[in-house]
Amino acid sequence: MHQDEDFSIENITKIEGHASLDLKVRSGKVESCEFRVTESHRFFEDMVNGRHFSQIPLIVSRICGLCSSSHLTTALEAVEDALEVEPSEQTKSLRRLSIFGEFLKSHSLHLYMLALPDYLAKESVLKFGEKEHHFIHDGLNLKKAGTDILTALGGRPHHTVNYRVGHVTKGPNSEKLVAILKGLESVREKALETVHLFDSFAAKHPFERKTNFVALKGKNYPLMEGQAIHCSDKTSVEKDGLMQHLQEVVVPYSTAKNAVFNGKDYVVGALARIALNKNQLHPEARKALKGCSTKLPNKSPFSTNLAQAIELVHCVESAIDLAKDLSPRNEPAPKIKPKACSGVGVTEAPRGLLYHSYTLDGKGFITESNMVIPTQQNIRSIELDLHDFVPTILSKPREKAALEMEKLIRAYDPCISCSVHFLKVNWT
Amino acid sequence: MPKKLKAGFYSLACCEGCEIVMFDLEENFLKALDFVEIVDARLFNGKHPGEKLDIAIVEGCVESEVDKKHLLEIRERCKYLVAFGACATIIGIPGIRNALPKEIQKKLKRKAIIPVKDKAFPISAFVKVDALLQGCPAFTHEILDVFVKLYHGIVPKLEEVPVCSECRERENPCLLFEGIPCLGPVTYAGCKALCPSERAQCIGCRGFTEDGNFEALRKKFQEMGIPKKEIYNLFTYFNPDPFTKKMEEK
Amino acid sequence: MQQNFLLKKEKLGEFLTALSKEAEVFVPSLNENNATCFLPYNSQELYLAERTQYSPKKILSPPLEKEFIFRKKSSSFEIEHLLDNKKRVFFGVRSCDTHAIKVLDKLYLEYFTEDKWYKAIREDLTIIALQCSKPCENGFCQSMGTDKPVGHDLLLVEKEKSFFVEIASERGEQLVKKYRDLFNQTNFTKPESKFKCSKELETTNLKEILDKNFFHKKWKQEAKKCLSCSSCTQVCPSCYCFLSFDKFILNTGDSERFRAWDSCQLKRFTRVSHDFFFRESRESRLRQFVMHKLSYFQENFGFPLCVGCGRCIMVCPVGIDLTEIASTIRGDSK
Amino acid sequence: MKELSLTTPALAEIVEVREDTKKIKTFTIKYVDRQKQKRFHFVPGKFLMVSVFGFGEMPISLSSSPLKTDSLQLTIKEVGVITHAMLQLKKGDKIGLRGPFGRGFPVARFRKKNVLFISGGCGMAPLRPVIYAIADRREEFGKLKLLYGCQNSDHLLFKEDLKKWGQTENLEVLLTVDKCTPDWKGNCGPVTTLFNKTEINPDNSIACIVGPPVMLHFVLKELKKHGFRDEQIYASLERLMHCGMGKCAHCNIAGKYACIDGPVFNGVDLAKMPLEEK
């Protein structure tokens, strides 16, 4: 690459959704960097308006195929918060279990199918040779443990069908739970191996940049039911007040508005969660983390993959504990009286902090909604990282450099399909 | 034996859930690779622009001119076009926006990249679709089935059977008797009555059958005491309003 | 003289457990979703209050069954007929369902040519019938003359603390002999059940009346309500229509032939090439169902296809009732 | 070898394929089991259940001469999945056969009578064996007339046979096409227009009709107009069939089954059938 170069990657591959990158390098410095989203809008915030609250979870789950359960759970929490419905312990446990399943699914797919080829210098999993072929099986097996949970609990691996406001229409039977447990136990080893694998890769990327981490804080490793959002700058906010601390800023070199937390750029996702809630990880996951040669948290965005691997261990172990304790009964649906109200739900989706808020009218129809999605919050950090990262790889040939940039973007596991719908972009 | 099928996966405006379903094939995914060669798919980083394809599997709907152009280009390149998932086959959730009030539509139009008649369309509105993979998301067993069929030169056809039929095979009690409004009687089967088996109503993700008796079902919902607005909401979950008939096409 | 026996209720579990060691035993019980149907015995609670919502038809003629495998061998094929010859016991079958099994027997074992697949299942089937002691929802077996079981091996009649057991076939006799210590001999005679069905269907001249009223306005009226959801034909214990189709096994040249339930309520039922449908209208499809039950089958076999279990009435979401249709038409043709 | 049951297809080999038109081919077929082939015989109008393995099974009428038993012929038009697959097959390929099933034309009852054949499109296939059977013993029958219509001249089946029959004494062949092309010199319009082109006399006559449902409808009307009584009419009906032996009930028409009581029905039975079901 040259000291002066205009550079663009059309249609970045192996990420969820459509995005491209435009870079302008002048005298070895990045003059402008645009991580541009090319996905079409689907206007979810407008679409849920006028719909009955009972339909909301099923609609918003279609925001993203990869983290549909997170959207579903967040929306459910938001609507329940508004209507002051308290779901039963069993309902909460089932939701928590599906979220573990979803993390397993999402993380293992990203790590093995999308990120791993980068580290092994292969174009894609389809180009894996004899030696690497077992990785496909490993990834698929881990994913299967996750999707089996989702299928047993929610009917299918994506877009769960039976989670409703305040209850679950039908819980899994004991046979299904036994099958889940068996599946989870069979991938325990694989999860640990994944940590070793990605630990060995993490050391290879010395790039660092200081940033802030933001994640939900709660009793358990904060995947849901959290009340407060913490930031690594030691501040914290209640979930209802999140929107006062999240600002959208216009950055001159980008068409997309980015988000800042308390005026500072920040990162959400696996790395942020580990940074802020390391001590609440499952003991097994903590042990795995201790055994890593790379220390987490650190300032390298490439460590996100390792953090995800650690979370795989956490999810497998916690899901086993949770599933062992469950003995679901069928519970009646609660009687819900609609009223004019509003509520907020915040959870941790695989890619980071997820926020939904809804306002209902007296008959139970939605009048206003707002959603903040993880990747949207990370875009600013991706761009800032590239700013610092690109000058360090200018000596490399063009294709190599492009690949390095893609790797960095992929490390964030961006999920464009959901984020795009909420960027308030003016494309004119 | 016939040659391997050259396949490409494409996604327009959607949640990409259907593409992820590919991985749910698990062992069958690897088996499918024995006779399906994935030459073009963003998730696998195969960039072979312009290559001729046997099958193009397209998920998502058309929301912008960019999508439309992309879609037309895909159609040019492939022998069989398979619509993948609810968005592509029947418009699905993105279609809810088509029924929004006029003023909001106008507002949205300004926000969209380059709108196509400020509406969302299933891909069949612009190109000939050879086979459908219904459902939101599409079903793994059907994906494999379509691959196998196309490999042997069979273009799969829809069987007009309602979800209730499979609901009976699974020996469920009917939800309509419990006051839960279910769209099973007017929705294409093939999901093995997934939702009713989980005691959740069918919301029509596999599309409305042509033969469905919508008027009778609406009456039934009314008798069950469901308010008018909610009934409308129900019928327009995934499908264009069956009473005012289809959205404009082509 | 035939000996009769008693089976104590507390011995029932033991009896079923013993049976399930040597055969697959299907018993009426509740499924996951609280519907009553026949499930393999696994020490679960039995549902003996009335006839189940779902009949045991699914075991004799499964919704989807694999009939053949065609294996490609160089330039030819090897045809393998998959026969299912497991030993089975149906426990607690009601009279109406035994009559439905009679229909299937007639069709698959006697009529025109016998069906190997069905025969294999049927030969190893033991039927333990259970007499009804009270009217069931929507049932009208007394009108159809199907209130006394046929073709069964044992008949149980529920008494307070035990079941009265009547031996009805040689197979039944062998069974009692085998588990003789579970049964007590008795001098009682079979308790008669006295009740009146909840519904009635006047059957005199019914066929002629329906045939004559092929274009009665009632058909159209009912068809307007009908959702064509095919629930009625699916739950009917004597609906037997099926279709067959082939499927390739992945990319090999091998294929399988399946047989699956079909329903006359579906438009595709009468499709021929060029997408022509013989019974396209909902009216004609609904009429086909009722007429096949009460008229057409009678013409060929001498008895109606309807066994009076009332399941189709119970399952119909919009309340279409064939006894009501028949009586309306009868009333109008007077 | 033991006789296979009627539910199991028997292997047969295609020994010759002839392309009649672009979408119609005639297959000459022999059972792999030579004994079975030897014993094979059929009444014109009967059909076989033909399996194209992996694609499905369908009813197809026998179209060869009933007098020729060392092989059999099927004439198949491509309309859908199974027929498409069938038309791809070549000499030496194997298919499965069950049957023959159904009730054919009661040729013996046509003796000494004039026979009027009316067919449309692919309906010529099941009629061919009847004409063969009669033409073989020409002297036992009265005057024969064949009215045959199809889409256009390219779709005419069995051109050689038609020519031969056209030259046969007392056998009049009248052709018509729906769509006229410049190379077509004959009649244009539906088959019913041929009724005016020749003398149709119901006395001592029999009419045999095979064709699509719409054609059947109009031809029946026309025959009635010309004074034909129900019992003088024989028509073959097409129905969806999955078993061929009265079990799948797809071909149920009132109390009758097209597969065992038909596909060839006498006009008396037809008249009893409800209108829309024909």
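Chains: A, B, C and D, in written order; residue numbering restarts at 1 for each.
By our rule, a contact is a pair of C-beta atoms (placed from the backbone, for glycine too) under 8 Å apart; a residue touches a chain by one contact, two chains touch by 3 or more.
Since this is a predicted model, take the numbers as computed values, not measurements.
K.L.:
Could you say which chain's mean Cα position falls nearest to the mean Cα position of the entire protein shown?
P.N.:
Chain nearest the overall C-alpha centroid, as shown: B.
K.L.:
Which chains, taken as a pair, are joined by the highest number of C-beta contacts?
P.N.:
Chains A-B share more contact pairs than any other pair.
K.L.:
Cα centroid separation between subunit C and subunit D, in whole Å?
P.N.:
Taking the mean C-alpha position of each chain, the two centres sit 38 Å apart.
K.L.:
When the centre of a chain is set as the mean of its C-alpha atoms, what distance in Å lies between subunit B and subunit D?
P.N.:
42
K.L.:
Just how far, in Å, is the C-alpha centre of subunit D from the one of subunit A?
P.N.:
The mean C-alpha positions of subunit A and subunit D differ by 66 Å.
K.L.:
Once you find the CA centre of subunit A and the CA centre of subunit C, what distance in Å lies between them?
P.N.:
Computed value for the inter-centroid distance: 52 Å.
K.L.:
Enumerate the residues of subunit B that touch no fewer than two other chains.
P.N.:
Answer for subunit B, listing residues that touch two or more other chains: 152, 197, 199.
K.L.:
Could you list which residues of subunit D touch at least two other chains?
P.N.:
54-55
K.L.:
List, in ascending order, every residue of subunit A touching at least 2 other chains.
P.N.:
Residues 170.
K.L.:
If we count contacts the way the header does, which residues on subunit A are in touch with subunit B in the complex?
P.N.:
Per the stated touch rule, the residues are 11, 13-14, 16-18, 38-43, 46-47, 49-52, 55, 58-59, 62-66, 68, 109, 113-114, 117, 123-126, 136, 140, 143-144, 147, 154-159, 161-162, 164, 169-170, 363, 365, 417-418, 424-428.
K.L.:
Quick one: which bits of subunit C touch subunit D in the complex? Just the residue numbers, please.
P.N.:
68, 70, 72, 75-77, 79, 81, 107-108, 111-117, 214, 240-248, 253-255, 257, 262, 264, 269-274, 276, 278-279, 281, 284, 288, 291-292, 295-296, 299-300
K.L.:
Can you tell me which positions in subunit D touch subunit B when the two form their complex?
P.N.:
Residues 54-55, 81, 84-85, 88.
K.L.:
Spell out the part of subunit B that touches subunit A in their complex, as residue ranges.
P.N.:
11-21, 23-24, 26-27, 29-30, 33, 38, 42-47, 63-64, 66-67, 92-94, 96-97, 100-101, 104, 107-108, 110-113, 120, 136-137, 194-195, 197-200, 203, 227, 229-230, 233-234, 237
K.L.:
Okay, in this complex, where on subunit C does subunit B touch?
P.N.:
Answer in residue numbers: 31, 33-35, 37, 53-54, 58, 63-64, 224-231, 234-235, 247-248, 250-251, 253, 261, 263, 266-268, 282, 315, 317-318.
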